[in-house]
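Following: one structure in C-alpha cells, then a few remarks.
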Amino acid sequence: MRQFRSLFALLAIAGLALPATVQSQQPRYGGELVFPVPSEPPSYDGHREETFGLIHPFAPFYNTLLRVDPNDPSGTKPVPSLAESWTVSKDGLTYTFKLHKGVKFHDGSDMTSRDVKASYDKIIFPPPGVGSTRKGQYAVVQAVEAPDASTVVFKLKWASASFLAGLASPWNFIYKADILAKEPNWYEKNIMGTGPFTFIEHVKGSHVVGKKFAGYWDKGKPYLEGFRAIFMRDSAAQVAAVRGERAHIQFRSFTSKDRDNLKAALGDKITVQESDWDCILMVGVNHKKKPFDDKRVRRALTLALDRHAGSKALSQIAIVKAVAGVQVPGTPFATPPAELNKLAGYGTDINKSRAEAKRLLKEAGVPEGFSFTFSNRGIPMPYEPLGVWMIDQWRQIGLNVKHNVIESRAYFPFIRKGEAEVHMDFQCGYIVEPDLDMYKFLSTSRNPANYGYYEDPVLDQLYDKQSRATNLEERKAAIRAFEKRLLDEEAHYLMTLQWNRIIPHSSKVKGWTITPSHYLNNTLDTVWLTE
Amino acid sequence: MAFYILKRLLAMIPTMLGVAVLIFLLLRVVPGDAVEARYLGEGGQYQSQELMQMERKKLGLDQPLWKQFVTWMAGLARLDFGLSMWTGAPISEEIELRFALSLQLAIMASTLATLLAIPLGILAAIKQDTWIDYAVRVFSIAGLAMPSFWLGILMILSMLIFFKWLPPMVFTPLWVNPWENLAQLIWPALAVGYRYSAVGTRMMRSSMLEVLREDYIRTARAKGLWLKLILSRHAVKNAILPVLTIISLEFAFLLGGLVVTEQVFNLNGLGMLFVEAIARRDYTLTQALVMLVATFFLIVNFVVDIAYAWLDPRIRYR
Amino acid sequence: MPPEPDVKQPLLEVKGLVKHFHVGGGILGSPGGTVRAIDGIDFTIRRGETLGLVGESGCGKTTTGRCILRLEQPTGGRIVFEGRDITALGEVELRSVRRRMQVIFQDPYSSLNPRMSIGEILAEPLQVHGIVKDKAKRADRVRELLEQVGLLPRHAERYPHQLSGGQRQRVGIARALAMEPSLIICDEPVSALDVSIQAQIINLLEDLQARYHLTYLFIAHDLSVVRHISDRVAVMYLGKMVELADRQALYENPLHPYTRALLSAVPIPDPRMEARRERMVLRGEVPSPLNPPTGCVFHPRCPVAVGRCSAEIPPLREIKPGHWAACHLA
Amino acid sequence: MVLDCPPLMPTLLEVQELKTTFTTAAGLVRAVDGVSWEVNEGETVALVGESGCGKSVSALSIMRLVAPPTGRIESGRILYKGRDLLALTEPEMQRVRGREIAMVFQEPMTSLNPVLTIGRQLTEGLEIHMHMDPPAARVRAIELLGMVGIPDPERRLAQYPHQFSGGMRQRMMIAMALACNPSLILADEPTTALDVTIQAQILELMQSLSRKLGVAMLIITHNLGVVARYADRVNVMYAGRIIERASAEELYANPRHPYTLGLLRSVPRLDEPRRARLDPIEGQPPDLTRLPQGCSFTPRCAFKVRRCDEQAPELAAAGPGGHVSACWESTRLTKQDAA
C-alpha cells in the first residue's frame, strides 16, 4: 500500500494528469526514443562491466531471467521476465524456474534453459580468462541445472532472502550457450540477445542504435520502432539536448537547477519524475589510525553532522536530499524516519548532539582544535559540496580538518593503501536490496573493499542473520540492529545524505517509471512515445 | 627537393623516438593502471586480486617495462598501434572517426581564422590609429578574452532560445551528408576560429606594419605604384609568413586540444578521447594519441617550412 | 700606468689561420658547400703598434678578428697571444685571455644593452671579472673611464638611446678599456659614424694608444682612415692576404694590383685632382668564397693577369724587406 | 670661367622654401627648415651633409613620400617643369613618381622586395607608366639590365634579389630608375653601402648613363670625395638648412662656411701627406627639436662671433659662379685659416 502512496506522490510531483487519463491512454506504436548517455562502456559484456553506460544503451538488446517490476517505483520487486513462473522448495535451497516458450534470439534460434545455465555458469563459475565482476554475490549458489529445455534449477548452499532479487539483476543478460561454448569472451565485443531491440550500430564515442525486434517473445512489445543512445559527457550538453527537443530523456539524473530551467523553458512539454536514489556518499573512518580507533571519536564525528539542516541546504546545490540510514527511504526495509532520528547524529536537536560530541572527544582525550586530513575524490558533484559541508560541521565541534582532494581515477588506489585517516566513500546499488547495500560494511577480512579497516564479528553475524532470514519481520529486525550497530554504537561508517534522482523528460515519453536505481528499468519494452 | 624532404623525414625519427620514450615513461609514473582504473573506478568496489591479475596479464601489464616498450615499438614499426587497454578494440578503430572530426574541425577553424585574420589585420594596419583599427582591435581582443567554449555555450543558448534549434548531436562524415556535417561543425568552427583569428589578426597587423615600413615598400611607392597594388603585390606576401606559422601551429594544436569545446558541442573528437584515455590509464591509446599529435606537429612544421620556401625565395635557394 | 712594454716582442702571432664555414643546401636541393672565409693567412702584431687590415666586404677581415677573439673556432692554424697558444683553449682558460684582448664593434648601438644605463654597462665587466670588487670604487672607476673617453660623469645615468652615435662609440671604447687589455681589435669602429665624428674617435683611439701602450688590430674598409692610423697595413682579398707592408711603403708603392685598384678607387675631395687622376676601375665583382677562382684568387678581375695567374697560387713573398705581396708579377 | 656664365639649360626642378617636419615623442623635428635649390636639365647636383641634416628628407619630400602621420610637408613649393608637385592629387603624383622623377635608394639590400623576381620588379613600372604588355616590358627589361652592365640579363630576370651581389642590386636599382625614361633621378646615398671598388663602378655608370640619356641627377651623399668627381654643383646642408652652395670646383677650392671647411679638414686624405692628428669638428650635431636661435653651427664653430648666437645668417654671395654661404664671417674664411 505504501508503494502505491508513494507512486501517487511521484505522479503529483511530476505534474502528470490524473491516473484516470493515464489509463485511458493506449500505447502508441512507432517512433525512435533518443536519449543521451553520460558514459560509454569499455565492452558490451554486462557480466563484466560496472557502469550504467552499459545498461542504458545495451540493456534493450537483452533479457534477464527475472526483472525488477518496471512499474514499481520502489525498485525492489522481482517479476517474471524470461522465466514466466517459479517455485521455491520448503527449505529455500532449490529454486525451479519455468521459461517462456517461443523466446527467440536475434539470430532466429530458440532460447532454452541451456542458454540460461550457460549464462549463469559464466557469471558464477567463470572459466579461466573470463572476467565476472559479480561472481562474489552468487556465492550462495551451489549449482545451476537445466533438466529440460524450459526448466532451470538453482541449487543453493543456504537459504537466502535476497536470491530472487539477485536473479533480477539488470546485469545478468542471458547469452547464447553455443556462442559461449565457442568463445567465452565473445560478448565483450559482440551483441546478440533476446531483447526487444536488435543492435544496429555503435559508433565509438558517438552513439548506439537499436531497432525493434520483430520476433520478440512478449507479443505486442516493444512499442518503439527503435532507439538512439547518444554518448554525451557534458551535462550542459545533455540538458541542451532535452531542451532543444533533440533528445527525449536522460536516464541517469539531472540537477534540481536543470530541472527548474527545463520546466521554465518548456512547461508542459516536460514531465518530471523524482525519486530517492540508491546511491550515497559515506565517510570511512580508518580504525587503524589513532584516535579513530576510539569509537567515542567516531561517534563524535557523526554527532557533529546536522543532517536535517544539511538536507535542506545541500539539496538546493547538490544532487543529495534525503536523510537516510542503510536503506533508501520509502523502500520496504528502510527504517521509518521517527526511528531513524534516534540514531547518533540523526537527532533534530543539533546543539544537544554537538555538546555530546564535544563531551565524547574530551573523554577520549582528543585535544581542542585537533587536526586531521579528510581525503575526498576529485569529482565536483556531489563530492565537493558534501566535503566542504562536513568540514564545516566538524569545525563546529572544534576539529580542524584539512581537505585533501585526489584525482578521480587515482582516488581508490590511494585509499586502498590504508594511509588515509578519514575519507569519502561511495556506494551505488543496482537494486535496493539489503544484502547488496550492506555488504560494503562487513569486516575487512570478509570484504576487502571496506576501507574502514575494522573487524566486527557482531556486525557480520547480524548481516548473515538478515541475509538468511526467511521471515520478513525477522529480516527487518536484523537490518535495524545492523544499522544501529554500524551507524550509532560503533559508528564504523558515517552516512551522509541519500542522493536524489531527478528525471525531467519530454512529456512524449510514456510507460517509463523512475526507480531508485539508474541501473534499472532500461529494457525499454514498455516505453512509448505519444508522437 | 626530394632529397631535402627525405632528409627532413628521417630527422623526424629521433624526435619521435624521444617523444615515445618520454610519453611511455611519463604515463607509468602516474599512479594506477588501466585495470585499477576500471575495477576500482566507480565506487571503489573491490575485485579479487585474482581477477585483477588476470586482466593485467591480458593487457601485458605484468611484463617488465622494457619488454612492454619493445613490444610497443615493434608494433609502431609496423604502424600497428595495438589494442586499447580500455575497450580492447584496435586503436586505429578508436581513433579513426574522431580523427576525421577533429581534422575537419581543425581545418575549418583554421581556415576561418585565416579568412578573418588576414583581411582584418591588413585593414587595421593600413588604417593604423583610426577608428577602424580600434574596432578591429576590440573585435580581436574580445575574441582572445572569450574562451571558445564559453562562446560556444553562448552560441548554443542563443540558438536554443531564439531559434529553438540545436545543431545535430552526432557526427556525420562530410562525404556521407555534407549538410548534416556542416550544420554540426560550423558552430564550433566559428567559436574556435574566431578565437584563434584574434592572435592571427594582431600578428598580421603588426607584421603588415613592419613590412609597410620596409625600404622596398618605399621603393614601390617611388615607382608610382598605387596602394592596392603595393599591398597585394609587395606587402602581403612578406607579411603573411609569421601569421602562417602561428595559424599552422594552432592547427596542430586544435587537432588534439579542444577538450572543453568538444564537450560543449558534444563533439566526438580527439580532445575528449585524449582526456579519457589519460584518466582511464589507457596507456596504449594515450601513447598512440601522443604519437599522432606529435607527428602532426612535425608534419605541420615541415609543411610550414616548405610554404616558407615557396613564399620566400631567400630560403628556397639558400 | 702599465709597465713600458717590450716593443720588439710580438704580441700576437697568427700562423696559417684557416676558417671554413660549412653551409647547408637550400630546400630545393642546391648542394651545400664550404665557404673559405679565411684561407691560410699569417701575420704578427708587435706590442704597441697598429696593424690595419683592409679589404672589401667578404674578404675575411672581420672573421679574422673573430677568430683571434675566439668568437669563432678556427678551422686550422695557430693563434699565439702574449706567447701563449690560444687556438685550442677551453672556455674557462679563455676568460683570462679575453680580459687582455678586447673588441670595439662597428655598431655600438646594437652591442650595448638598451635596458642598462651607461654606468651599469661599464660596471658590469668590472664586477663580473672581479677587477674592482668594491661598489663605491667601481663607481669611481666608471667615472674615470668616462673621462678617459671624453664623456662626462653625468653620462653614467643615461641609457644608450639617449646618446649620439659618437658618444655610444666612446662608451664602447670605455668598456673595452675597463678590462685593461693589451690588444684591442677595432672592427670598423668609425664606419657607422658621421664624417665629422669619425675624426674625433680616431684621435681618441690614438691618444689612448699612446697613453696606455695599447696594441690595435684596426679592421676597416676605408683606406684613408687606415693609412692615417696604422703603422703597418695588411690587404685581404677573398680570404687571402695579398699584401702586407709598412704604411708608407704600401701607400706609396703598392706592389699588388688589387691594392693599386683599391687605392685608385678612393675618391678624393678635390675635383681638380680627381679630374687629373688615372682611374683604375676593376671589372666584375668579388667572386663567391664558396667557389673561389683557381690560381691567384684575384686573376679574373686583374688588369695585368697573365696565363700563370690562373694556374698557380702566388705565395705571399717578401719582395722588399718588410714588404710582402702575393703576386707573380710583383 | 665657364661657371660664371648663367646656366645654359632650363631649370627642371625648383625647390622653394621647403619645410618638412616630423612629430616625435621628443618634439617637433624640423628636418628640412626652409630650403631652396634647383636642378637644371641634364645637370648633376649634390646635396651633402651628415646624417640627420635633412638631405634624405628633402628627396622624399620631392617625391611626397614623407610618411604620414608623423612626417608633414609644412610649406614651400616644389616646381617640376613649372608644375607645383605639392598641389597635385595623389593619382597625379603617382604618374610623376617613377615616370618623371625616379629614385635610387641607399640600401640595395633592403630596397628591393625579397620575394619578387628581378623581372617582376623591373617590369611593373613599365606596365603601369608606359602601358606595355608583359612581353614588351620583358624586352625592355632585358635591354635595361644590359644597359646597366648586368651580364646574361635574360636569365637574371627570373632571379631574386638575394641572388644578386650588392653591386648588382644597385645596378638593378638604377635600371629600375631609368626604366621609364625619367627626367630626373634622385639618388640617395647610392654607393654608401658598397665596397670601394664597386662604388667607383656604380658612380662611373651613373655618370655615363646620365650624360648619354640626358637625365638630371640629384646625388645625396655624406662623402665629399664622391661629389668632387661627379657633381656640377654642390649644396651643403646642416641642421635642415643649406649653409653653402657652389660649383664643385669652387666649393673645394674656396670653402666659405666653417662647417664645409671642417668637413674637408676632418677626413684623412690619400692625396695629402699623413697628418699627425686629424682636425675633427668638435661637439655633436644639434638636436633638431631644439635648434638655437642663431646659427645652428655656432656651438661647434671655431670662427664664431657674438652675432652668430643672436641671428641666423641667410645665404649670401660668397664667391664667383653663384657661390653662396650662410655665415656672417664667410668672406673672412680661407682654406688656410683652419690649418
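Letters A, B, C and D name the chains as they come in the text, with residue numbers starting at 1 for each one.
Note that in this section a residue touches a chain if its C-beta (ideal position, glycine included) is under 8 Å from a C-beta of that chain, and two chains touch if they have at least 3 such contacts.
The model shown is predicted, which means the values in this text are computed figures rather than measured ones.
**Q** In terms of C-beta pairs in contact, which of B-D and A-B ranks higher?
**A** Higher contact count goes to A-B.
**Q** Please indicate which chain is farthest from chain D, where distance is taken between mean Cα coordinates of the chains.
**A** A
**Q** Provide the C-alpha centroid distance between chain A and chain D, rounded to the nearest whole angstrom.
**A** Chain centroid spacing, chain A to chain D, equals 92 Å.
**Q** When the C-alpha atoms of chain B and chain C are each averaged to a single point, how far apart are the two points in Å?
**A** It comes to 51 Å between the two C-alpha centres.
**Q** At what distance in angstrom does the C-alpha mean of chain B lie from that of chain A?
**A** Between these chains, centre-to-centre, one finds 40 Å.
**Q** Would you please write down the residue numbers of chain A that are in contact with two or more other chains?
**A** If we look for residues of chain A contacting two or more partner chains, we find none.
**Q** Where does chain B touch two or more other chains at once, residue-wise?
**A** Only 317 qualify.
**Q** Show me the residue ranges of chain D that touch chain B in the complex, using the header's touch definition.
**A** These residues of chain D touch chain B: 63, 65, 69, 91, 94-99, 102-103, 105, 107, 110-117, 120, 124-125, 128-129, 160, 162-163, 173, 176.
**Q** For a test of understanding, state which residues of chain C touch chain D in their complex under the given definition.
**A** Contact set of chain C toward chain D: 56-57, 164-167, 194-200, 202-203, 206, 221, 223-225, 227-228, 247, 251, 261-275, 279, 281-282, 285-286.
**Q** Quick one: which bits of chain A touch chain B in the complex? Just the residue numbers, please.
**A** Touching chain B: residues 36, 42-43, 50-51, 128-129, 131-133, 136, 188-189, 203-207, 230-234, 236-237, 240-241, 243-247, 408-416, 425-428, 447-449, 451 of chain A.
**Q** Across the complex, what residues on chain B touch chain D?
**A** It comes out as residues 129, 214-216, 218-226, 229, 233-234, 237-238, 311-314, 317.
**Q** Going by the contact rule set out above, which residues of chain B touch chain A in the complex?
**A** 30-32, 36-48, 51, 54-55, 58, 86-89, 93-94, 97-98, 153, 156-157, 159-160, 164-166, 168-171, 263-266, 268, 272-273, 279-281
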